[in-house]
Structure formats: structure tokens, C-alpha cells
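Structures given as C-alpha cells follow.
You will see two complexes here that share chain A, one where it goes with chain B and one where it goes with chain C.
Up next, the complex of A and B:
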């Protein structure tokens, strides 16, 4: 078990390192650099040249990368070229918001997608068809668009904030703080969760159909076992395996997908920071945001592995 | 510069000061980005400038409606007979937000910070004249003497950009070469001090800046009421512009810090008619988008292509070929005016109406193109040059900027009708700058923000040596005779202290530019500003920040 944990940790660290390195190199290779914005604001060419030299942007990208690697080896993600602040501090200010939104969306997607998938996979008639059609419709709407639609809904009804997050007043109590958080979280969570709920529903429906066709289930049905018992007691666990297998990727893409939703809904997570990093060519901040995104993916993969192992004894034996 | 016409009428319309402004209350504004630093020397973006203007004072300010400079921390000034030396009398009994007194030592300190090599202030360029710094001295606590290195027409208006910083807070850092490290966005608000109308009360990254009234702000209104009127001003970060507009329309915002987009104007007009918004047509923008063709001698193109692409008649033909009414209606949905040069009517005294123009005339465009040896020999509707190559060039524009993308599409369509093929290339801003700075392009459609219409402050555009002389920047010696003439006129314009003479010199420079059309202008949009019905006392301007430039007089209708 220790060897397994070490393997997973090494995998996670390698993933984070590779993704953040790729983020830095790709942004560094894109045309322009962080001082381009200064040109548009009328800063003199002499000041811009000195700023480029001070930031080390006049050196080859490989040299900049090597210097960054040196800092990373000391657990320092570098200093944002745009904000002139440690990348670590900037990430720390926002990562909690992204994690909260991602976790809420994951819970909601699972809570909607799994039961609907079981329902659609185990029933006949108009209900599964409606569920399937709804899922396909939802899947075809990108979270960016659904976030805009929800913003429009909020603006027209006033039921929810159109965007942003305003914390509860100090001393308001945990219940008021929690309900305030839920009120602000509702629309971005829905925008992010619905496509994933649809994905889970489709997978779970197919897996349920497949599981219900297994010989032992057919035999049990032949012996007169009730449909509900067959579905929820005997076919659910094996049918969960495909969903558990992709859960890690769902978690990773959910967090990276949250960047677009965060941008539209004004959720103060990593999304806006990543956008700023990319548009301003802030190579160190882009690397940091990429590292955070890959960290979510790595954690998701571990969670997925644990879930799979708990569902499948053969995998437990392999990992030990 | 005219204040512009108002869409709405009535006693409470923006631009009309209320009879009795009420003190108190809070307004919520939005910004699509947030400051990258609280230290203006390190940050020049619009959000940084707004932060600085709300929290820090200036010696003088350019009034965004009258365009005159008005007293701020300097209550009066006089220019000596040498035409170089200004003596400024500072306002007395002024205190920073933390209670420390403001004196001439703070002004000296602020200039030191600008010119400090270790700081490499982003304000340094605009506070130098011909590359030389201003000489600043202080004979006493309430007098500052500023000597310009050479006569400078705009005079003290360049001080509009200089924040006066608290020496008592920052001098040690400047002495140690650490000013760059000061006042990043993680600095606790209690460590900041300023002379602006507001103080930062709270900053939540990615969410909002909350400004509270500066209890020590020096300004009072005509009735003796201390400004600002507002208790608090909240600036929410709303990155997505569609969402920003929804929030404004639904009453969750009182104002935005950008003008309305053309596509939002109709909806805002309906909201204004329903009493949910106030919408103001402030006037015509002073910074219209422009198109230029690469006239650098190192243009990467075949000799035959260079011959027509860089010729003056080709640019004249383009100007003749584009129907500006179509441009106005397609790009700005009618909310713009056709133009032929960079100086729009909002430039006030600098606007010259009777310049030569190459107006829409496809027949004339065809004649000019034929004169360049460009003809449709194959009958496919596309012109060919003398080497039988099609007349085709690429036009780079900024991807994601709807107005620029639509503009490029209209130009492409209009030029297609005279047989010119335009390949529109959308690139992000950084890539556009890179292509421009390396000269690796045929033509670009772009725009830059202009904050002050005084032409002397845009010398980098007019002078052949300038970085913003887009078509052929940074020339060691003028490449053409007409550029040499503009250089001469603009140098005299910049150094003249006689306003009439400056206006005449600039009119002549405009005339030469209009004749040789190195840059092509098609339309200048009307600047529309929308604010909620709660906002009183707004006097929007055509330049950014349209409403918050005089945030100290904004008020909530009926008070807080």
C-alpha cells in the first residue's frame, strides 16, 4: 500500500511539473510579452526596454525557464510579471474559491447524474427518452454559454446575483454565511455541473443497461427478484465502475472548465487569474495556474483510483 | 470640447448638478479588470490610473469637459517671462488621509520618485520634455518652482498624470532603492495614505475595491460642504462585459467605468425610456480606430507588391473605396460619425473642419488603381499588378475586439468591390504589437487610448521619430518631404506658448496628413455612458474614466 501511495505521489508531482513547464513554455513562445500592455498605455519605449531587462525578458526563454526551475526546486513558483507579487500568494488568494465551486459542482453533478443514469438505464418508455434527450441537449451547451444564460435569468428575475461574490457581514453567524455562500454559488455551480451531470448520466445509463444484461442478473430476475432490488442492490455496484474510472478526469476537467464559468460569473477563483496570465503573457503566473489545474487533476485521479479499488477487489489486489 | 448632447431630458439628467447635493450613501461601479499594483509608478493600465485618481491628489487636473487645467493641490500658478518657469502656490492646511500635513516636500519627493532610476517609473516618459526631466525646487513649504528644460505648449497639464505621494510613508524606501516593492496589492489599506477624495477601505482580490470617504480631503463645494459627497464607492470586478451590462440594467450596478458598446445602446435606450437607466450621449470619441499600411523600408514583400502597397495613390484609392456610411451603420449600428482623420470634433479648438478628404467614390478609386498599373486582366473581379500577381494584402486586427473585427470585415468587403482582396488576420493584442514592432505585416487596423486631446501630448504620433508614428515609426531622419514638414510644424507647435499659433501650426500639420493619408480613418463612435437613476451629479466625459474622473462630486439622489 505504501508503494502504491508513493507511486501515485510521484505521478502527481510529475504531472504538475510537466503541465506547469508546458504552460510556461507555451505562453513564453507565444508572440509578445507582458510589457506589450505598457506600449498601449503610452509608456515610453525607454522605460519599457528597461522594464524588459529588469524582468529578464530580454534573455532567451530557455534561460528564463532554467531560472524558474531553480526557484521551483526551492518550492518558489516565482513572481508574477504582471502583479509583481509571488505567484504562490496570488494562487493562495483564489484557489479556495475554485476548489469550492468545483467541489459543489462535482457533488451536484453526481447527485443529478447518477440516479438519472440508473433510472434511464433500468426503465423503458418515455421517461428514459426524455432524460437522454435532456442530457444530450445539456451536453451540447458549453458551460460558458450556460453561465451567460443563467446570468440573464438572474438579471431578469433578481432571484440570484448576476455575478460576483459578496461575503456575509462579519459576525453574521455560520448559518447566514453558509446560506449567503449557497446563494452566490447556485448559478455558477449549475452552469458548471450540468454538462458533467449529463456525462455521468449517459455513462451510468449505459453501464446499468450492460449490468442488467449480465447472466446472474437475468437468472435472479428469472427467480422472481423485484426490479428495484435487482437495480439498486445487485447491478448498481458493478455499473458504477465506468463512472468511477472517469471520475478523475471529470474532476480535472471540471476544475479547468470552471475557469470559463468563473470568468463569466465573476467568481473570484483562478479563472480570471489564468485569463490575465494568458492575455498579458505572464509566464510565471500561467505556469502557476497550470500547476494548480494539474494538481486538481492529480488529486482527482487518486480519488478515482481509490473509488475504483473500493468497487473492484481485483484492483485492490493489484495495487497491494 | 463640447460636453455632448443628452439623450434624456429633465432636471435630474446626468451633467446637470443638482440644486442641493446630498452627502452620504454608496454607489457601486464596475471595472472589468483590477489594479495590478497600488503603486502608480509601476502600473499604467486604466484600472491602476483609476485607483490612483481616487486615492491620490494632483497639483492640477485637466477638466474633462472644458479641457482646461484646474487648480487642485496647487491653488494658483504663474509663468515667468522666460516662458520656462512656473511658480505654484500650494494649498494650505491640506492633510493626507492619515493626518500628516501636505507640504512642498511631498511634491519634491513625488518628482524624485518619477525620475529615480531604480524605480524605472512608468510615468517618467510623460514627465520629460524632449527626454529631459523637469527641474523642481521648493523655496518654502507652500511654494514649488518647476522649470521646463525647453518651452512647452501644454505647460502644466502634463502634471495631470502625476500623483502626489506621501513622503513620510515612502521616502525611506526610495532612498534604499525599494520603491518598486512598495504598495503592491497585498499592502494593508491602513498602510496607504493619499490626498485623493477616497481612501481604500477594503480590497478583496478578484472581487472588489471598497473606497471610503477621505475625511481629510481638502475640497469643498460652493456651499462649503466637504467633498466627496459619497460615504463609500464600491468598485466591483466584473470581467465579462455582457454580464456587466446585465448587472447595470438590472440595478445591481450604478455605473460602469467604460462606455457602452454599440450593440448595447438600443437596450440601454429602452431601459432609459422605462426609467431604469440614465443614458448620455457624451460626444464623439477622441481615439477612433485607424488603419495603416506598412510604409517601413524593410517591408517584406515583392518589389511589385511594395510598389503599389506603399504608394500614396493606393491609400487614396482605399479611402475612396470605403463607404463610410456603410461603415458607421455596420460597425457602430449608426452610433458614429464618418471621419477622414485623427482629429474629431471632440478635440475642440484643435479640430479643423475644412481638410481635404478622399470621399466615397468607387470610380475615382478605380482610376487611381489603374494609374498604379493595377487592372483586372483576367476578368475574375480581382485586380492584378504588373507582375500579374493579384492585388492582395493582409490586414491584421485584434481578435476578440468586436468593433475592430467588424471594421476589418467591412473594409474587406468594401475593397473587394474595387477588386482588392484583403485577408483579415485576427491576432491577440500581444501578437499585434509584436508584428507591429518587428514590421512583419502589410496593414493593421487597431486603436490606442488617448486621454488628452492636446496634440503636443501626441507628438509620438505626428513626429517621424515617434514610436506611435504607426506607418513608419522611429525614423532617424524623415523618410519623406511631407513628414519633414509635419516634423517642423509639430516641433514649433510643441514649443510655442501662443495658443493661436499652436492651433494654426497644428491645422497645417493636419492638412498635410490629410493630403498624404498615411493613416486611414473611417468612423468615430459616439461615446454613450449609462448610469443608474440613483446617480446624481455625473458629468461624463468622452475620455476614460468617463464618470469617475470627478468622483468627489458624485452623489446618490436624495442622499444616502
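Up next, the complex of A and C:
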């Protein structure tokens, strides 16, 4: 078990290292650099050359990379070339927003998808059909589109903010801050969560159907066990397995979806920051964002595997 | 039944994209300065006095240019012209445009742009899918056939690409290239990027199929009859993966359509004046308050959702996420 945990940790660290290095290299090799914006403002060539020298952009990329590696080993992610602030501070500000949005969407999707999936998988008649039809429809509306539709709804009704996030005034108390957060968070969360709720519902319904077809369920039914107990106690755990298996993937997909949602609804998260870093050729910020994003992914796959192992004793034996 | 319906819908969208010049009433970049943000026109059969006619529309009369307010001009009927000037339907140019889905803020016909946009969006998605399947079948086939080190290395790479969120990979690679490109170069570039992020799923599946098929009696028989490696792989083993590849294709097409839309939405895909579903959404989403007044600007969303729905009906609701989950589960 310890060897397994160590292996997973090494893999996670390698992933973060590789992805952030790739981020830095990719943006470093891209045509143009962060001083391009100065050209547009009509700054003289000398000033730009001086600025490039100050930022270290005139040195070969390998040298810049080596210097960055040296700083990273001391847990210093460098200074954003564009914002002129430490990358660590920028990331700390934005990660909270993306994590809140992602966690809220994941919770909501599970809360809607799981029970509906169990219901749709264990009953017959019109209810499962309606759930299934709704799921397939909702599944076809990706977060980019649902975010636009919710923005349209917000603009028409005025019930929710159309875009962006305005923090509650300082000293307004935690209750006001929480309700302010919820008010801003509702639509982006819904936009992101609905397709996932549908995915989870479909998976859970299929898994429930096959779990209820197992011989031990038939035996339990033969002993006179009630339907509710069969569905919610005896078939739920094996039926959760396929759902838990996709959670690791869902984190990645959620992250991709949150990019679109952040863009449409002006949510100040990591996706937007990453975009800014890429297009303004901010190599250290791009590397930092890539590191943060891959950390999310690595944690997601580990959490998913732990969940899987706790649901399936066979996997525990294999991995130890 | 629903499966057939889904596939039919997909074929229809592709045909509509191919036949855009014949189906669109107007050229996609043609501007009608008197119809900025004009609402959709209703094709009618019955006029204001309850008399029946061949299909016709009432033209829009501008009431307020600043607020883009229009009123139906009930005094004249504009009949729909059929099969004139190489177009299925249009209106007499002197009587004004035929705006079936309204006009955008530059006065361009949204319906025509939707059709022409399908060419860029669906075209790039179809070609990207083709590329992804070709690479996937080749890498997966070789890995499954050769086994050993080749297999391990190829599948490690595939797993790594599979783990990264595709949108960010495409975004990062796209952003690393010159930001301004002409439409033709961009089309090729997007196709290549989509093929690059799409191949691992196909490769994993093909590898698993080829690795099992390789040991079957018919493969042994072909080998003992003297079939070479290439012939065995291409003629005997890969055809076994046809069904799997077809399912893959139906999953990749809507994913790539969405990827194009996302890229163009954030300004890294197609740009003006090339119409694509993504650029149309970008224009619609750039001012959400306008969107509330001119909701027909969201029409491309219907295209994206329609293709996804067609695919989900065709595959009974199994998504790529589920399939990746299944692939992970098999390991």
C-alpha cells in the first residue's frame, strides 16, 4: 500500500513538473514576447531592448528555463512578466475561484445525477423514460452553450448577475459575503454542473440495471428483501463503481468546461488567467498556471482511485 | 428508431453544410445596412386579410434605428422566390432581404451565415476526426500487433495525452503559434490540432482489438498461408476495429465542433469575416445585454446542440467521458 501511494505521488509530481515545463517551453518558443504590447504604445526600440534585458528575455530560452528551475526548487514560481506580480500570488487569487466553481458543480452534479440515476435504473414505466430523455437532451448542451443561455436568462430577468464577480463590501459580515458568493456562483455552477449531472445519471442508471441483474440480488429478493433495501443498500455500492471510475476523468473535463464558463460569465478563475498568460507570452505565469492545472488533475485522479479502491475490495488487493 | 433519427440528423447537417451556397438566400458576408439586428421574418401563407397565397414574407420597416426596432410592413407582400439565381429560396433583391433567422449587428443574414458557418465548423470537425482515427488506427494497430516495448511506449504516450484536458492542450498549442492566420491556414492548423488530441482514444481501443484478434484462428491461418505483416494488419486485423472506429467518429465530431466553437469564442479560432459557429457565438456573446434583445444571434448554439443531440441519440447517450472511463477501467 505504501509503495502504491509513493508511486502515485511520484507520478503526480512528474506530471506537474512535465506539464509546467512544457507550458514554459511552449510559450517561450512561440513567436513574440511580452514586450510586444509596448510596440503598440509607440515606445522606442531602445526602451524595449532595455525592458527585455531587465526581464531576462534576451537570454536563450534554455538559460531562462534553468533559472526558473532553480527558483522553483526554492518554491518561488517567479514573477509574472505581464502583471509584474509574483505568480504565486496571482495563482492563489484565482485558484480559489476555479476550485469553488468546480467543487460546487461537482457536488451539484452528483446530488442531481446519482439519485436520478438510481431511480431511472431501478424503476420501470414513464419515470425512467422522462429522466433518460431529459439527460440525453441536457448532455447535448455543453457548458459553453449553457453558460450563454443562462447569461441570456440573467439579462432578461435580472434575477442573477449577467457576468463577473463583485465581492461583498468589506466588513459586511460572513453571511452577506456568503450570500453574495452564492448569488454570483449560481448560474456558472448550473451551467457547468448540468451536463455532468446528465453524464452521472446515465452511468448510474446503466450500472444500477446491471447490478440489479446479479444473482445475489435475485437470491436476496427470493429471501423476501424489500425493493427499496435491494436498490439502496445492496446494489448501490457495486453500482457506484463505474461512476467513481470516471471521477478522475470528470475532473479534467470539468476543468475544460470551466474554461468556457469562466470566459462567458466573466468568472475570475484559472482558465482566464491561463488564456491571458498564453496570449501575452507570459512564460512564468503560463508555467505556473499549467502547474496549478495539472495539480488539480493529479489530485483528481488520486481521489478517484482512492474512491474506487474503497468501493471495490478486489482493487485493494491488486494494488497493495 | 431514435438511432436512425440521430444518424439522419447528422447526415442532414453535413449535407446542409455542403449545399450551403444553394440553400442560403444570401452571401454570408453581404450586409443589409437597413436591417441591422433585424428580427427573423415569418414565412406566411395567409395575409392580414385572411387570404391564402404562395409562401411570402412581410418586409421589415425600420422604426427606430438606434434601438434597432422594426415593424412588419403589412402593405406589401414579398413572395419567396424559388430556385432563382442558383439558390433554393430568396426574395426579389429590390424588395429587401429574406431574413429567416434575422440579421446580426452588421446586417448580415444569420440563416445564411449559419449554413456557411457549418462548412467551417463541421468541415474542420470531420477532417480532424478523420485525422485522429487514421493516427489512432495506425498507432493502435502497430502497438497491438507488435506488442512488447512498442506497445508500452505507444500506450504510455496515449495515456499521457488522454490525461490532459484537451481544450487546454489545443488552446496552448494554438496560442503558441502566430495569433493571426488566414482562414485556410487556420483550417489546416485546427484540423491538425484536433487530430493530435483525438488520436489516443482511438489508439487505445484499436490496440485492444488488434491484440486479441491477432491470436484468433483466422489470423493464424492467414499467417500460415504466407501473409506478410502489413497485409495481416491492414487486411485482416484492422477491419475488426471498424465498428469501434465508427463509434469513435460519432463521438469526436461533436467534441471537435465544440472545440472549434470554444477556440473561436475566445478569439483563437476563425476570425472575421469567415463565418463559423464559433465566430457567430463570439459576436453574440460579446455583449450579453444585446443578446437579451436579439436572441436569434444565438442560432449557432442550436447547430452545436443539434449535432451533439444527434450523436447522443445515435449512441444511446454514451459519452466520450464514459468511454474514457471504460478504457481506464479495463487497464
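Just so it is clear, the second predicted complex is superposed on the first by the 299 of 320 C-alpha atoms of A that agree within 3 Å, B and C clash if a C-alpha of one lies under 4 Å from a C-alpha of the other, contacts with A are read in each partner's own complex, and residues count from 1 in each chain.
Note that in this section contacts are C-beta pairs under 8 Å (C-beta built on N, C-alpha and C of every residue); 3 or more make two chains touch, one makes a residue touch a chain.
Worth saying up front: this structure is predicted, and the values here are computed from it rather than measured.
In this overlay on chain A, chain B clashes with chain C. Applying the stated contact rule after C-alpha superposition, one finds that A:297 touches chain C and leaves chain B untouched. After overlaying the two complexes on the shared chain, residue contacts for A:43 are found with chain B alone; chain C is out of touch. In the superposed model, A:189 makes contact with neither chain B nor chain C. After overlaying the two complexes on the shared chain, residue contacts for A:199 are found with chain C alone; chain B is out of touch. Contacts of A:26 after superposition on the shared chain: chain C is touched, whereas chain B is not.
Contacts of A:140 after superposition on the shared chain: chain C is touched, whereas chain B is not. Touch criterion met: A:85 reaches chain B, while chain C stays clear of it. Once chain A of one complex is fitted onto chain A of the other, the partner contacts of A:110 are absent, as it touches neither chain B nor chain C. In the superposition on chain A, contact of A:268 is made with chain B only, not with chain C. Taking the listed stretches 418-426, 436-444, 472-480 or 490-498 of chain B in turn, the superposition on chain A shows a clash with chain C for 418-426 alone. Counting contacts as defined above, chain A residues 30-31, 148, 151-152, 154-156, 162-163, 263-264, 275, 279 meet chain B in one complex and chain C in the other. Partner chain A is touched in their complex by these residues of chain C: 163-168, 171-173, 175-179, 254, 258, 261-262, 265-266, 268, 281, 284-285, 288-289, 291-292, 295, 298, 301, 304-306, 308-309, 311-313, 317-319, 321-322, 324-326, 328-329. On the side of chain A, the complex with chain B involves touching residues 30-33, 36-47, 50-51, 54, 82-85, 89-90, 93-94, 97, 148, 151-152, 154-156, 158, 161-167, 263-266, 268-269, 272-273, 275-276, 279-281. Contacts from chain A toward chain C in the complex involve residues 15, 19, 23, 26-27, 29-31, 132, 135-137, 139-142, 144-145, 148-149, 151-152, 154-156, 162-163, 199, 202-203, 242, 245-246, 248-250, 252-253, 255-256, 259-260, 263-264, 274-275, 278-279, 286, 290, 293-294, 297, 301. Within the complex, the chain B residues that touch chain A are 33, 36-37, 42, 44-46, 120-122, 124-126, 128, 180, 184-186, 204-208, 236-240, 242-243, 246-247, 249-250, 252, 427-431, 433-435, 437, 448-449, 451, 460, 467.
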